[in-house]
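What follows is a single structure, written as structure tokens, with notes after it.
Which chain is which? They are A, B, C, D and E, in the order written, and residues in each are numbered from 1.
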Amino acid sequence: MAEPFLIGEGMTGGYGGTTILNDCTISVDRGEIAVIVGPNGAGKSTAMKAVFGMLDLTAGSVRLDGRDITRLAPQDRVPEGMAFVPQNANIFAGMTVRENLEMGAYLRRDDISGTMEQVFDLFPILREKQRQNAGELSGGQRQQVAVGRALMTRPTVLMLDEPTAGVSPIVMDELFDRIIEIRRAGIAILMVEQNARQALEIADHGFVLVTGENRYTDTGAALLANPEVRRSFLGG
Amino acid sequence: MIRCEDVHKNFGGVRAVDGATLELAAGAITGLIGPNGAGKTTLFNCVAGAFPPTSGRIFLDDEEITGLPPHELYDRGLLRTFQIAHEFGTLSVRDNLMMAAPDQAGETLWNAWFSPAKVRAEERAIREKADEVIEFLGIGHVAEERAGNLSGGQKKLLELGRTMMVDAKIVFLDEVGAGVNRTLLNTIGDAIVRLNEERGYTFCMIEHDMDFIGRLCDPVIVMAEGKVLMQGSAAEVMADERVIEAYLGHGVKNKAEVGA
Amino acid sequence: DDVKLGVILGYTGPLESITPAMAAGAELAMKEVTDAGGILGGMNVVSVRGDSTCIDAAAASAAAERLITSDGIAAIVGADCSGVTTAILQNVALANGVVMVSPSATSPALTTIEDNGLFFRTSPSDARQGKIVSDVLTDKGVKEIAISYTNNDYGKGLADSIETNFKAAGGSVTINASHEDGKADYSAEVGALAAAGGEVLVVAGYVDQGGKGIIQASLDSGAFDTFYLPDGMVGQALPDAIGDGLNGSYGALPGTDSEGATNYLKMAEEAGFTSGAFSPESYDAAALIMLAMEAAGSTDSAAFKDKVMEVANAPGEQIQPGELAKALKIIRDGGDIDYVGASAVELIEPGESAGNYREIKIEDGKIETVGYR
Amino acid sequence: MTDILNALVVFANFVLVPGASYGAQLALGALGITLVYAVLRFSNFAHGDTMAFGAMVTVLATWALQGVGVSIAPLPTALLALPAGIVATAAFVLATDRLVYRFHRRQHSQPVIFVIVSVGVMFVMNGVVRFIIGPDDQSFADGARFLVTAGDFKRMTGLAEGLAIKASTLLTLVVAVVVVIALFWFLQKTRTGKAMRAYSDNEDLALLSGVDPDRVVMIAWLLVAALATIAGTLYGLDKTFKPFTYFQLILPMFAAAIVGGIGSPVGAIVGGFVIAYSEVTVTYAYKRVLGHLLPDSLAPDSLVQLLGTEYKFAVSFVILVVVLLVRPTGILRGKVI
Amino acid sequence: MSPTWRGPILFAVMAAVLTGVGMTQSWSVALGIVNLCLISSIMALGVNIQWGYAGLFNVGTVGFAAVGGVAAVLVSAQPVREAWATGGAGLFLAFLAVAATVVAILLIRARIGRGRKRNLAVAAAALIGYFLARLAFDPAVDRIEAIDPALSGYLGGLGLPIVLAWPIGGLMAAGVAWLIGKVALGLRSDYLAIATLGISEIIVFIAKNEDWLTRGVKNVTGLPRPVPYEIDLQQADWFVARAASFGLDPMEASSIFVKLAYAGLFAVVLLALLWLSERALNSPWGRMMRAIRDNEEAAEAMGKDVTRRRLHAFVIGSAVCGIGGAMLTTLDGQFTPGTYNPLRFTFLIWVMVIVGGSGNNWGSVLGGFLIWFVWVEAEPVGRWLMDVLTSGMGEDNALRTHLLDSAAYMRMVLMGLILLLALRFSPKGLLPEKMRIGHRA
């Protein structure tokens, strides 16, 4: 099997002294959706940060398209086509919604109005609120801004940390639809979800993390079918 | 138990809450749902005293509480959690819980200085309670961690945990479920039901997870564009065309069926 | 062997810009004596500097404490501002029995302070100068003045004294307002002064501090064109900085009918600094200490404190700045001297300058002497 | 009629014009403070001494130019020397960033640590400036001093009162306006400006958008150095160059930045004028103005002064406190650039 | 260095350094520094209560120190009877006018409902009260200030022992802080900072300009001491004999004795305050204050009366600064309003708190010692450094002369460098805030 497009392999590391990730491996290929699930505090967000270079790894490596990028600074991964929506503090609170989206396209030199329209079509409320400061939005609206910002980069790898937390069902559906659409364009999508059943339904691969280790790794459908996984991690 | 009469809240030109009138029955677990930006959190904030409404009146047990500061509402047994977790970042997880306990003698300087024995006894009791809550939330391994270092979901759990330190009359939960693992959320749901049944707590919860709402809440109030759109049982609400149009979307039913 | 003299002045803080010339003045006297073979049969006199900060009594006391108990200085030239001077005197100098000669502390309160005969100053008390200012103004036929003073004990004391004397002489004071030193802008002060009006503006401040700012802003806005300059304001730096606008202004500073002041200017220039406010007084303070030591035959404060008045006053041969070698020789030979120095020192009880004044006038950007009082 | 004109002229001469010049000076300084706050998120106590440093280099360069006889009369030579001052200050400021601030930035130290660190930098700069040029007054102004002097004005208009306008006043005002417009445009419209705002808003997320933090910080410091040098030099031209007064300036400058709404460039300008005019108007003695306006019989004897000038700082601080109580985040709502 | 040993080791180093000063410079110098270190530590404790516990960015320390200084004057200076005789009645009338105004305003607020009418009535009452008070006040003040202005010209104090001024200074500072807190504590971080800075400047301006009360810039000197005078000791036979038995000369011995006596008094106060602070910080009260500091909104939602609690912390911290201010005036033996500049009394204290480690009482004490020590010793060390640096140059080298003349500024540079280095190697302060794990239950 050829190596996946993006892989964080055998990642070990944590914050300061403590080790959070233990030989954890996460990967995703082009045109695929990979979903990470697991209990709170399992290290899912930490794994995402590690893949994006926001954590010092004591062991393991991150490779993009076969190239070792373990030592690349986060801001230098953006030009490589990686985009990331963190779980917390994922908007520029003091800037308007429109400026938030523009910041997503910071490195792009081409015309961004088309992409902006696409984001507005996906999240109509943002079109309405584009001149408002993002910090004044409701919780779900902020989440939409955050995802919109990442979409603006037109990435080759899209990493989303709980993109649907706090968004209403209708928006969540739209979002998942959109993600499927993006996958079709050959983009690799890596996401963490607590709405795990919906997420695994559309996922090609799933990773179940517990205390920083891979507990289960399988296709989305297989994980959904696994009663043990369902009971312990997906809420029955 | 809580009655809101024609509550409005404007932020500059934005009408976040635009004439909401509703009543929360004592002893019920009321769900509050609605599209993003419907004004749910803003209404919570008005009721819980984070800021006063622009106009309208709010009553708790027929006493007007409009504009009262949160700490006075706490004294009357009204508690709330925050949608975006508000942890005490430099305090340990246990201290986060312990500080929430009511009427602590050790919180006056005089006792802190001159009645150490009394304070120590009191602390012991509070600490025990905190440890129970920690146990329940499954965050025992991070009990000594700075709360600022918790994961997103753990912070939400802590948010909930603080309300469990207090004997409350009514608790407002703002999306406790968002970001919380579904298996754990089920346990939390059970605890809410137990608190409601055994201790008579009244709950009002904002949630976007319809399974959770459906399992726990009756009645369910739907808000949209700052107003109350409708109220009814979970089943009624989910079947309502307006609600589906504005909030649930058509996809959800299909998915729910697949999931079930 | 060396004798150490402490030079405790505000090297940092609000008066930091006039301090270097003061310190240089004191050290000029020490160098002169050392070059002439020192005192007491060949002891060199060296200076040890200590920072009074002018405002921080605690830091000033700490510095004085260190100079006395650790560096072993025999006497203090300083301090500069009355507040820190009092603190050093009462907390350190008295306790250790060390003589202090301040070149610039002018507070009248220092006249009556308990000092065990250890404290002297080469500048006159404000009370005396107020009278002089009033006399000069009255003689010029001025009827109405405005006063701006620097808001410290020097300025306040002087301004009050001027007001009292001038009113007693039949004049009127339209406004007597303070200014803070070292501030960024004086337009508010000048606005008020201008509104009050007056023929002459008396500026009881420092030559390159707020006093200068007030004069500059007054000239810029056309509020006043004639200024009276008390001792703190007389220095060549002022006409140099202000330019033609200052011509025609006048004032007075301690000095007698002697060539001392002019000599001192030259000496300073040769030594590589420009004399400024209280620089001559600093030279004199150091000189008096050394002469008194020679006269007492000891560097012990308890011994030479009684000689300070003796060497400063008549009878005896008059000593000008630059003549310290001659003075030492006279003393060694058993003669008597009357130190005049750069600021025409005449000490009265209890050890402060009597206050002879040299009247000056600014003409063509130069300070010209016009008479003595 | 002439009475009214006279009253106006007095008022302009002692309140409007000096207030405008002082206000513009404060505003320029406050701009630098606000920029550091906006981008790097701390209150920079070293700013006064940065101004002193910039002005010092400019003074030295001006002397050098004057020495070889270069002049751009009627404008002051110092304007020619400004680039030298800016370059040197930029170098110095970047060096402090590299040696001091960067470490704390990487540590994610609290803002208050940065504040205290800036106090440390202030001490060092304080000493360095005095080492190089000493604590004294230095004059370096040349060129035309006045646009109109009080005497000329009286002669021209035949009024009893004069109005003086200094060249430096006009220069400061013009520069302040130009600089604030340029800065506003830069921050709001240019990519780099937006990147700076994004960086200040949420550093981690800015990285995730591809913003190079080192570059943003460097540009911010360059702007601060330029602003500080310009402000320091203009202040020196108008008043005088003396290191200690620059240190004294930081309090009113902070007051201006905060009253206006810290982080907002326009706020800095507004704040500068509010502080300046509150000092001048409340303590102004209205005797002469009223003397012209009222008939002789009613002319006031007293000074008609609301408060003595000794309280002028107190007044500006009272106004500051009142403004904050009414609008707790400053006139123009802080933290937004 | 393990965290538990870090504190003791750093304190031991500090003690060793001070001993070193005692041995190489002199014991008087060392003890003089220690005394000011003790006072600085007290003020730092006060700021730490406000910032470290409660997150209040108060940069008005200088104002509270000045209030403490005023208290020292009012308590201990000799009363000027003549001033009371000529001006006392007027002042009393003015006081009555103010009191009546306050009563009137309270009545208005009780009688008239909220709204424009009430505001107008309150404003009118305040204005009338102000003018009535001025009517009685101004002539009284003029008369008081006219009495022998060179030496008195003010009311004087009560002539009581100056040690009483310490608690009274604390109380007065607390009162002032209460007023300020009522007005300003609604403001956040930097805005609170600039407001407190402004108000403290106003306090200092009052101390400088209200001559009838404080003699203003003319200073009040010769305040009584709580310890004997060196001169008296030098003349007391028992003391001279005692000193001789230790092999000390009476001059040096008296100086050391007096400083030790001060040190004893100050240390008692510091230890008492430190004990109270530690108790408070490690109690539920401290936990609550830190919670408020971390997240005010959530603390409010969890039933804490944030406004009141913050006011408490503000008042207590200010009171401690006031005590420190009164002690400093006692040590100086004089009240000099010109001394109160923010650099020395606000920023230096802040530097102590932050370098020591905010949120940690022992850190504040250590910071107080270290920073005051550096502040004082930077001067001689700076000069010494300059001497060393220039020793290689020729006698007449122009650069050398220039550098030696500028040696005083080395003090600033050194102070800054030490500050920067301390924070470079200990970015959270020398003794960082402890993570309190559970409680000593």
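Keep this in mind: contacts are C-beta pairs under 8 Å (C-beta built on N, C-alpha and C of every residue); 3 or more make two chains touch, one makes a residue touch a chain.
Just so we're clear, the structure is a prediction, and the values are computed from it rather than from any experiment.
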{"item": "Contact-graph separation of chain C and chain D, given in steps at minimum", "value": "1"}
{"item": "Chain labels contacting chain B and also chain D", "value": "A, E"}
{"item": "If a chain touches chain B and chain E alike, it appears here", "value": "none"}
{"item": "Per Cα centroids, the chain farthest from chain B", "value": "C"}
{"item": "Chain B-chain C separation of Cα centroids, rounded to whole Å", "value": "74"}
{"item": "Centre-to-centre distance between chain D and chain A (centres being mean Cα positions), rounded to whole Å", "value": "46"}
{"item": "Rounded Å distance, chain D centre to chain E centre (Cα mean)", "value": "31"}
{"item": "Between chain E and chain A, distance of the C-alpha-averaged centres to the nearest whole Å", "value": "54"}
{"item": "Contacts with 2+ other chains: residues of chain E", "value": "208-209, 409, 411-412"}
{"item": "Two or more partner chains touched - positions in chain C", "value": "16, 20, 151, 178"}
{"item": "Shared-contact residues (touching 2 or more other chains) in chain A", "value": "none"}
{"item": "Touch relationships between chains, expressed as pairs", "value": "A-B, A-D, B-E, C-D, C-E, D-E"}
{"item": "Contacting residues of chain B [partner chain A, same complex]", "value": "11, 14, 34-38, 40-42, 83-84, 138-139, 142, 149-154, 156-157, 175, 178-186, 208-210, 246-249, 251-252, 255, 258-259"}
{"item": "Chain D to chain C touching residues, read off their complex", "value": "10, 13-15, 17-19, 21-22, 25-26, 130, 134-137, 139, 146, 149-151, 162, 164, 166, 235, 239-240, 242, 244-245, 248-249, 252, 276, 279-280, 283-289, 303-305, 308-310, 312-313"}
{"item": "Partner chain B, residues of chain E touching it in the complex", "value": "276, 279-280, 283-288, 290-291, 293-295, 297-307, 312, 316, 433, 435-441"}
{"item": "Residues of chain E that touch chain C when the two form their complex", "value": "24-29, 32-33, 36, 149-151, 208-209, 216-219, 221-222, 229-231, 251-252, 254-255, 258, 328, 331-334, 336, 338-339, 341, 344, 375-376, 379-380, 383, 401, 405, 407-409, 411-412"}
{"item": "Parts of chain C lying in touch with chain E, wherever the complex brings them together", "value": "11-12, 16, 20, 24, 49-51, 55-59, 61-63, 65-66, 68-70, 81-84, 86-87, 90-91, 94-97, 107-109, 111-114, 116, 126-127, 151-153, 155-157, 160, 178, 272"}
